[in-house]
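The first chain written gets the first letter, and so on, giving A, B, C and D; residue counts start at 1 in each chain.
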Amino acid sequence: MKRASSTDELKLILDDEMGNIVNAEYLELVLTPGFVDKRIYAIYLIETYHYTYHNARNQALVATRPECRDIRYMKYCLKHALDEAGHELMALHDLKKSGYFSIDYKEMKDSDLPKPLMATEILIAYLYRASTTGNPLTRLGYSFWAERIYEYLSPLMAMFGQLGVEKSAMTFLVDHSAIDAEHAVEVDRAINMFAKTPQDWEDIEDCMKTSLRLKAKVMDAVFEEFVKLKKGTSDRYNFLNK
Amino acid sequence: MKRASSTDELKLILDDEMGNIVNAEYLELVLTPGFVDKRIYAIYLIETYHYTYHNARNQALVATRPECRDIRYMKYCLKHALDEAGHELMALHDLKKSGYFSIDYKEMKDSDLPKPLMATEILIAYLYRASTTGNPLTRLGYSFWAERIYEYLSPLMAMFGQLGVEKSAMTFLVDHSAIDAEHAVEVDRAINMFAKTPQDWEDIEDCMKTSLRLKAKVMDAVFEEFVKLKKGTSDRYNFLNK
Amino acid sequence: MKRASSTDELKLILDDEMGNIVNAEYLELVLTPGFVDKRIYAIYLIETYHYTYHNARNQALVATRPECRDIRYMKYCLKHALDEAGHELMALHDLKKSGYFSIDYKEMKDSDLPKPLMATEILIAYLYRASTTGNPLTRLGYSFWAERIYEYLSPLMAMFGQLGVEKSAMTFLVDHSAIDAEHAVEVDRAINMFAKTPQDWEDIEDCMKTSLRLKAKVMDAVFEEFVKLKKGTSDRYNFLNK
Amino acid sequence: MKRASSTDELKLILDDEMGNIVNAEYLELVLTPGFVDKRIYAIYLIETYHYTYHNARNQALVATRPECRDIRYMKYCLKHALDEAGHELMALHDLKKSGYFSIDYKEMKDSDLPKPLMATEILIAYLYRASTTGNPLTRLGYSFWAERIYEYLSPLMAMFGQLGVEKSAMTFLVDHSAIDAEHAVEVDRAINMFAKTPQDWEDIEDCMKTSLRLKAKVMDAVFEEFVKLKKGTSDRYNFLNK
């Protein structure tokens, strides 16, 4: 297996992975007219809210570790954490705008939303571990794909649009298409600046692959939960059937 | 979905899950005469070493949390951590006995073994998160199946035996068949003693399912890595081809 | 400054430190007939409850650290944590027996006791830091004096006895005089077994001195708070004036 | 004891504390012509380096806690951590400029400087604990005095100037006199914005007092270490006698 030692090579591996992680069976159903409806957007938003809630937190944790000695990398982590802070509120805003939630975030309790699906819990768990153990550069592998995911978001936005979701209820997706383009450049610069050893590149690549696959599982789980909802077997999303 | 509110119900759900997590395609290949060989045991042992290394650690972490207020549960966690401490050394012993490793554990460095496969990293990450956030009772769901897995180990031991693994190189499996029977009783007693609210039972059940599925993924990954090894595409287990 | 490199030398330094940390001015007042009364015992017990509450927790944390590689030391830490777990309940028992508290510990909330004095907070903070950073052997320096403090407890028990505290309300002190004698032997054995380098001995000695001085400050603070209580200027212990 | 419930009242208490924490005996010696020399500045800088190293780290940790729910406060913490990151390098710069250190910070190892004095370790330990447990607002009490300490720095700078320290070797002090004036306004604004309950004000006030007293102890320890250095009994600062 060829290992990346540049962001260009990392990008090639990312493209390859992106091709492999699509669940063809699910995709066909999603594209079958009438199979999915707007409720899948609500499920997507809630799971997105859950893992996004932790992004700034686990990013900041990298900066607090004794192993994080390079002051420039420490500052990069803190700045990036600051940039990410509160992005989960966009998912919440979109959920409200779509008519599925009405509580102000300042008053909201954890129990006001269904708890994360198993796949989402696993993604969150992995990101905390990747941020708090081993090579402090590891988490850059998550940022590498997460900040350029906008390149892959257009079809998703088009699909949600066809389900009747308004643009004004897509701030999370729209914002990440716009802002993250800039972030992607910063992440590339950071990787090229801080990754020095083959081990650094390997750890970043492994984190990219692992977090990407776990994110793909979250998308699968969103779809599966939607199917359960249709069948009436969802144990947490029935409140969407109002 | 029916939720468990007793260890008997938890056991029924466990049986059901156990039936679902087997990868039929992989199982068929494993049972095909001549497809697998003793090297799969080495891969199994190394991945087992990796996650077992953390079992006592994440178990002890539960006891240190401010949310862990019941002194009896705190003591249970510490006692259980003490019982689990060093079990990874049995996997290491078996690896040596099988002729795949020769370094004394006191001298060994992390880099002396291939690092954990992605699936193993994910299991480890999840167990740390389950042990350090949310309901302190959560991790009992992992112990619930892990301590009674001995019921399911006989076929595995028989299979490894057929590959030529000696009994003396199966201390991890043998021990867990013997000792854990007693632990299983303790875990049941602990769950029945400490789980009080529906939320407690739900959190324990969720942890049981999640950790079991992640463990099944580890077993799948062991098999996949063995297939790569046969094909010559493994990036970390080639040292077994000596 | 001569550095210890054996438990005998550590003991000599401890004796020396013990002589230095006594606040002569306070001691004279304590020994002045009629100056202190039984309420000082209540203050002592509550502050003791507070830091003792964390002893098993910070001890167990040592065992969970990646740097804690020696399996025998890991087991020592877990066993010692198990031994320490719940000792704070003896302080609570004594407080009840002395007539100053009436809530069952299972129902009690943090707010049912005055929060720790500044000196107690500082001791707790130091013990967590010593247990979670740097040399994993560090905390042995705390155990070294804490487990042999019984040698110094007789005068304290005699003094409290003269204030009218019954033996049955001194389980924390009595127990630590009895049980800890055995623990002291174990701690000595552990130090001699695990401390290998001059740095190990230095870290253990530093922790011994630091935690001992901070504990002495807790005793001073207990006295100062009692003086405030007499003067009517205590902001948290007025409830003892019933 | 009157408790503060505004930053003005907090300021009055701070003034009062500042008056109480000065060690008159030490101050007299410091002001005695010829008693101290430039080496005390080196000791001051190294201890300052040590605790400052952790300021951005423990500040960022506040933002990562589950209890830190207010997104504005979370952002404040991350922004403040970013502002503080690397300030320890100013102390290192000044140490070099004064001729007491010559290693580039990128190559430097922990062992290149004497380890922190006991008093400095205790301050660091307290700040981590205050940042990671209890009320997430607590640490504001540290920022409250630390960011306005510039008001008290002039005499210190004058004293060091008289010992022959050049202005160019006082970037840490000069910078904190200049930049922190702005920070002090931000901290005041933050406290007034986020502190809502009497408990919030109490926790902030307690942290202010505790961290200030521990910082005063660091200053005392710097002086005591200088006296040891003069007497030839310092166990870690002899390298300054070159």
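Brief remarks follow.
The rule we apply is simple: a residue touches a chain if its C-beta (ideal position, glycine included) is under 8 Å from a C-beta of that chain, and two chains touch if they have at least 3 such contacts.
Worth saying up front: this structure is predicted, and the values here are computed from it rather than measured.
By residue number, over half of the contacts seen at B-C repeat in one listed pair from A-D, C-D or A-B, namely A-D. At the interface between subunit A and subunit D, over half of the residue numbers involved are used by both copies, so each side presents largely the same positions.
Fitting subunit A to subunit B on CA positions gives a rotation angle of 180°, reported to the nearest 5. Rounded to whole angstrom, the centroid-to-centroid distance between subunit C and subunit D, based on C-alpha atoms, equals 28 Å.
Centroid to centroid, with C-alpha atoms defining each point, subunit A and subunit D lie 39 Å apart.
Per-chain CA centroids place subunit A at a distance of 47 Å from subunit C. Among the residues of subunit B, none is in touch with two or more other chains. Considering their complex, residues 1, 118, 121-122, 124-126, 128-130, 206, 209-210, 213-214, 233, 235 of subunit C touch subunit D. Residues 56-58, 60-61, 63-64, 70-71, 74-75, 78-79, 81-82, 85-86, 89, 105-106 of subunit D are the ones that touch subunit A when the two sit in their complex.
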